[in-house]
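The next part holds the structures, each set out as structure tokens.
Look at the two complexes coming up: chain A is in both, with chain B in one and chain C in the other.
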Partner chain A sequence: MNEPVVVRNLRKTFYDEGRGEIKAVDAVNFDCREGEIFGLLGANGAGKTTTLRMLSTILTPTSGTATIMGHDVVSSPQGVRKNLGFYSATTALYPRLTTRETIDFFARINQYPADLVPERVEHLINRFGLTKYADARIEKLSSGMKQKVSIARTIAHNPSILIFDEPTVGLDVLNALDVQESISELRSEGKTIIFSTHIMSEAERLCDRIAIIHAGQILACDTLAGLRQSTQQHYLEDIFVLYVKAGQATI
Partner chain B sequence: MNWNVLRLLYIHEMKMLVRGRRTVVMALVLPAVIMPLMLYAQKYSVNRRERLLAGTTYRYAVTGPQADRLRILIHQTQQNLDGIPDAEVEKLRQFKLVEVRVPNPTESLKRGEIEFYLETMTGADTDKLPKETAQRRPNLFRNSTAPGRLPGVPLVNIVYSEDRDASDNGHDRVMALLRLARQRDSQLALVDHGFPGDPKELFLSDDINIATRSQVTGSMVGRLITLFLVMMMFTGGAVASMDIISGEKERGTLETLLTTAAGRSEIVVAKQLAITSVGLVITLIQGLNFLLYIKLKVISLPKDFDLQLPTGMAMTLLLLFIPLAATIASVLLMISAYAKSYKESQMYFFPVYLLSLIPSLASLMPGLSLRSAIAFVPLANVSVAAHEIMVGRPDAPMIAVTFAVMTCTAAYLMRASARMLTREELIIPAHFEAAEFLGGPALFQKRVLRWFALMWVVTFAVATNVPALATLRRQLIFNEIFVMFGAVVLMIGIYRLNVKEVLSLKPVKPAVWLAILFSIPSGYLTAIGVFRIVNVFIPAPQQLLERFSAEIIPKGMPTWELLLYISVLPAICEELAFRGILLSGLRRKLPPVALVIGIGLIFGLFHVTLYRIAPTAALGMILTVIAIMTGSVFPGMLLHAGNNALGVVAGDWFRPDILLWTHYAAAAAIFALSLWIIYRNRTPLLLR
Partner chain C sequence: MNLNAIRILYWREIRSALRDRTIVTNSILLPIFLYPLIIWIAYTGITFVSGQNEGLDSRIMLKDVPPAHEPLKREFESDESVVLVTSADPAAALSNGTLDAIVEFMPANSAPTIPENFATRITYDESRDASNRAKSRAAQKLTRYREKYLEQQATKLGMSRADFQNFWMDERNVSSGRAVGAFMVALPIFFIIMLAVGSMHPAIDSTAGERENSTWETVMTAATSRANILIAKYLYVATMAFVAAFLNLFAMIFSMGTILGPLFGSNLSLRIPIRSAPVVLIGAFLLALFVAAGMMILASFARTYKEGQAMTSPFYIALIIPVMFLQTPGLDFTWRIALIPVANVMMMIREAFQGIYHWRLIAITLVVEAACVILALRIAMLVIQHEDFIMGSYNGSFGKFIKERLFK
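Let's look at the complex of A and B:
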């Protein structure tokens, strides 16, 4: 139980007045190892985002447990968030802040040591090549620049765990590659990363281990080589389809 | 609470608000600029109109057999303008009249060639007019002391056109002139006929006011100050509040903020403080605006205005206005947290704003004292307290109660806002509401509260506006059968509901029936005991209570009929409505405690008289608890019927003068035991 991220029997049930009870996440189990990129691969509506929102404490689980660096998502949400950087296509930036103010705000709000904040802000501005835009308001930046600032604010407090929820959705190829490159760099710095996507090539290229999620359940979880071996398929797309069809038959 | 994080968030919120052009313009610039512009524009147009009308020479015509006499009267009165108030004299002095001879005055008036004409008739001709016409037409005699027109009295009709400023104004002035002329004429007639002395000096009347000028001013300002503050805080804080959560949801920054190490409570408190700050700054700006206009004489104060605000009084008011401001900010925050977008937030704002103004008007109600149940009604209590403080009669213990109630309200609303930030459907806007398309039971759960709001409006609109339903029998038949039962039937039909399930028509264990039978007299007696205890702290006026019971239980109605209308009918219809369909509609939406309190309060609100809301709400809560524990509407029906029946027949059995505290204690113990038996034999309703 010393893994940085431990998820056990995690469930999230919504009550929808029209559709009744919906099991968005249904008894999910997985661990993430230190310094790896753990991929959550699933189609839209599979339960990826709900799982990650529970891990980032935005949503409260219906049952089950999840811990981030030993902090329980229900009993110690602030401890979880201090150790976590959460990035998704829906987490926007404050348009009325400048780049520098944005990184500064997120470093301080996540309780990064106050005396080290200015140094950290300058380091991130240089690292992402944002020097020219440091004092420009976010609303004036291009979408590529905004992506860079978003990643900078995600790691502003130097967290050990990073969650990237479909980070390349809506980006052009070059910007998507930039994001992937940044995620690779963060792994080489020893960060533990949970990466969710529905794009097979991204999962193949980035993830050390991949969990295939469908209808709120994890159908398989292994390295790419392990998945290939168990299914006797080469392409991740074929592996995914095989598991989903088998899963549908079971569900 | 991490104070550093709170400080950081507060500064961040204020920075965001100040940098938002829309917020600054809408919340600060517009109110600061529009108010003086409006006041100046109004003053300018009024002055200009006055000048224009004063400079006008009014053209008029006189017709009829009494024309010459009227010309002389007008001329003589204009020459001698004494004995009327100064302001009137000044207006009449400036009243320039010129008679124009026209062949057809009506046509000339229509064409705008004259401003009005005076049509005179002799007394004999007036007598021949149809009675209704003669009484309706002579506006001139409107202020006469005579109850009606006497035979033989001549008539002067002013014919004018109210849609034209000059004509309308000319009519007002000539009416005042003719009234004066008539007064002089009567005085002369009295003296001519030998009346001894001056007819104007029959007796002297004077008055002595024991209230000081500052008390009178305090009373006037105290009645309005809370309303003014509530209006300012709401309108000032609204723009900021909408931007602060709904705007964040729309921009997607709320989710970003929620993934930081800041706690929900810190986020909510920082946002609440930001709204309060903006609201207070705008209130201050508007207050200073008003002071400036008073200084510049754009706004004129009443004569004898003398506002005294000693430090103690100001501090007491401040003590109440701080939680008031916090409560309003919390209400705004809740609207913003509940709405999924800026637009939706704007939609909710207006009805909530109007509803909040209603309790703020409490100080305008005559005879309302803070030492009553009003102390527990948020906003209304501050309104009444502020008035009592400003007339110099503060009630210290009740002010403390008011402060506590307001602080608890603000804290509760803030907590509710923080909870809203954990609700998936509120943080992440859904693209569509499935229930809207599917209809049926799903839509029923969304609409049930609207139905009850409509039922409430219908009940009271009809009760206050339809005299035919003023009797108890008719009112009960209408309310219980048409409104309650009718709405239940309609909802079941429209939303295709399962009757047995939605009305909780389920048998219960025999022990429950036994417990209910015990709970009827014991609950009734316990309620009397509780009322006596409450009455020690907040005494209800005895006369009022007697009047209520006389209204509820009319004299002369046979007992069986009273039992039918007051006990059986409400027990069946109200239980089906409140513990049947309303409970069924809300049970999946609210946690059990909120469900019990909510249904109890709605039940209380349907018994709108102030002193009945609290006891009926308490009864409603107990009935809801029983319905939840038994999963059935029937035990509640029996308890409701039994309780109301005791109210009709047991007045003499449970007289407070023959009851001892031991009786009340025994009754409370039996009542608690009954509830325990019900709990032990529970077959609970399926909630969330």
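Let's look at the complex of A and C:
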């Protein structure tokens, strides 16, 4: 059976006037299984965001393939986006729309059946405890509330695959825990989730499998238990450092 | 192209725009109120100054009034705005400002047919407003008195006024009231200015504004093509330009009719012929598409709202300058002007407002504008194929981009 997310030899090269050719993602391979949280763990600039941007069709790969629910990111970008919810620190909300209008807009534009949209909007408003703020403009909401609306808009069209790119960046502990809880709930609903982070505790707590990415390459990919066994280290931080140092030596 | 997706995206843009203070001010309130307000203020100012002037007294000295013309002196005395003064040295009084005008009565130059005929001389200082005003008032009184006096004398001699009237002067204005109105209020230039102003902020908001607010990436992950997203944005900007131009046009016609109409009476018609509507609408439509495309291309290179304003301002000025020159009175709509984008639409609209239709020139204008729209969209298509541009990571202006990417 095909996995919902299949990534093969994915590469992305940028050209910078000062630095020349930059291999942001270099021959990345991984699969995500249905209903799991797949963690992409890496330091800043490791290639996490570029990889996820290619999966969400924002960027076009230089080479390699990636499919989301059988749709190729290059040849069928709309099919990919219909099955995908993408959340990151750079995907903000329209400040002048209300909560209700925001969820409604993203449900409709992402092709959720039009006749079911009002019901879906109400469901999400209730689910995230946004009833009181349903008709308030986004610009008037607190950071925590905005975060909830952001997650609601990500899943407005009920996609099978969700990408969370460093979703807790800039959040306080309580809001970060709220986000983690929401992601956990989404997994229990059967969603396949790709979760990128550089915070070890988040990865340990949430991810079913973890891929350690460094300098655009995946250095290891396994369950936490598997990584512990392979490295004979207990803490994810130690495991991560071990792989990164080994990776640097190889590079 | 998915029309449903474009519709959803378009209404999202419109809804957001109508809640943005800058856009509402520049694309809706400014077109409705700015120029009518300026005209109202100017009119009120002129009326106020003129009222103030009317209330000021003129100090006039009457010198050697013939006894037969005492009624003329009484007319000066009965005028509340005239103060009759005497001076031992009227020339000095006039130059030091204590006197505004001297009216001197002198014997007639030749032997008079009518008894008690006389000549007058008004001495005044043109460099002083008060003196000018006094001269006008005195001249007005003398003219009126002379007319009345001549008529009385003619009657005494058994003649009618027509018998001694050397010639009649009759003025005939061949310009129709509509032409005067359309030209005087310069509606087409305001129309084009407002079209540019109306599109500028929506263009920035929907491109640089989205990047600044980090919503650009959000919408780029929507399950629709980028072409649909850009078409919706483009239609939104063009709509705002079109709406701003027409709101201004209606506001101008309404306010001109209310404020200036009574001043000019039948000489000024501010009604636009219904027949001009198709020409004006299609011209405005093509111009809105062209201006919207230009504004969006330039604004999309910006990463912040401020940068967007800086990048679109030269285009705004480039639109306005030729239009300003074309306001010269007597300038005709020729085929050469019909080849100049924007200016051709302005001339076409100006003529249409006057009920003049040069169909060949209109056809040339529409073809030129349509070509400009196609060219602008072609450039936009070339630009959006570049990923770094779409992602906002390209660091440069439109000019640099064209030089580096399209001509390399």
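Throughout what follows, the second predicted complex is superposed on the first by the 250 of 251 C-alpha atoms of A that agree within 3 Å, B and C clash if a C-alpha of one lies under 4 Å from a C-alpha of the other, contacts with A are read in each partner's own complex, and residues count from 1 in each chain.
By our rule, a contact is a pair of C-beta atoms (placed from the backbone, for glycine too) under 8 Å apart; a residue touches a chain by one contact, two chains touch by 3 or more.
Quick caveat: nothing in here was measured; it's all calculated off a predicted structure.
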Room on chain A for both chain B and chain C (clash or fit): clash
Partner chain(s) touched by A:105 [first = chain B, second = chain C, both, neither]: both
Which superposed partner A:146 touches (first chain B, second chain C, both, neither): neither
First, second, both or neither for A:214, with chain B first and chain C second: neither
A:91 touches, of chain B and chain C: first, second, both or neither? both
258-266, 546-554 or 564-572: stretch of chain B that collides with chain C: 258-266
Overlap of the chain B and chain C footprints on chain A, listed as residue numbers: 56-60, 77-78, 81-82, 84, 86, 88, 90-97, 105-106, 108-111, 153, 157
Residues on chain B engaged by chain A in the complex (per definition of touch): 2, 5, 8-9, 12, 15-16, 19-20, 251-253, 255-256, 258-263, 422, 424, 427-428, 433-435, 437-438, 442-443, 445-446, 588, 688
Touching residues (chain side chain C, partner chain A) in the complex: 5, 8-9, 12, 15-16, 19-20, 213-215, 217-218, 220-225, 387, 391
Chain C partner contacts - residues on chain A that touch it in the complex: 56-60, 77-78, 81-82, 84, 86, 88-97, 101, 105-106, 108-111, 137, 153, 157
Complex contact set, residues of chain A against chain B: 14-19, 56-60, 77-78, 81-82, 84, 86, 88, 90-97, 105-106, 108-111, 153, 157
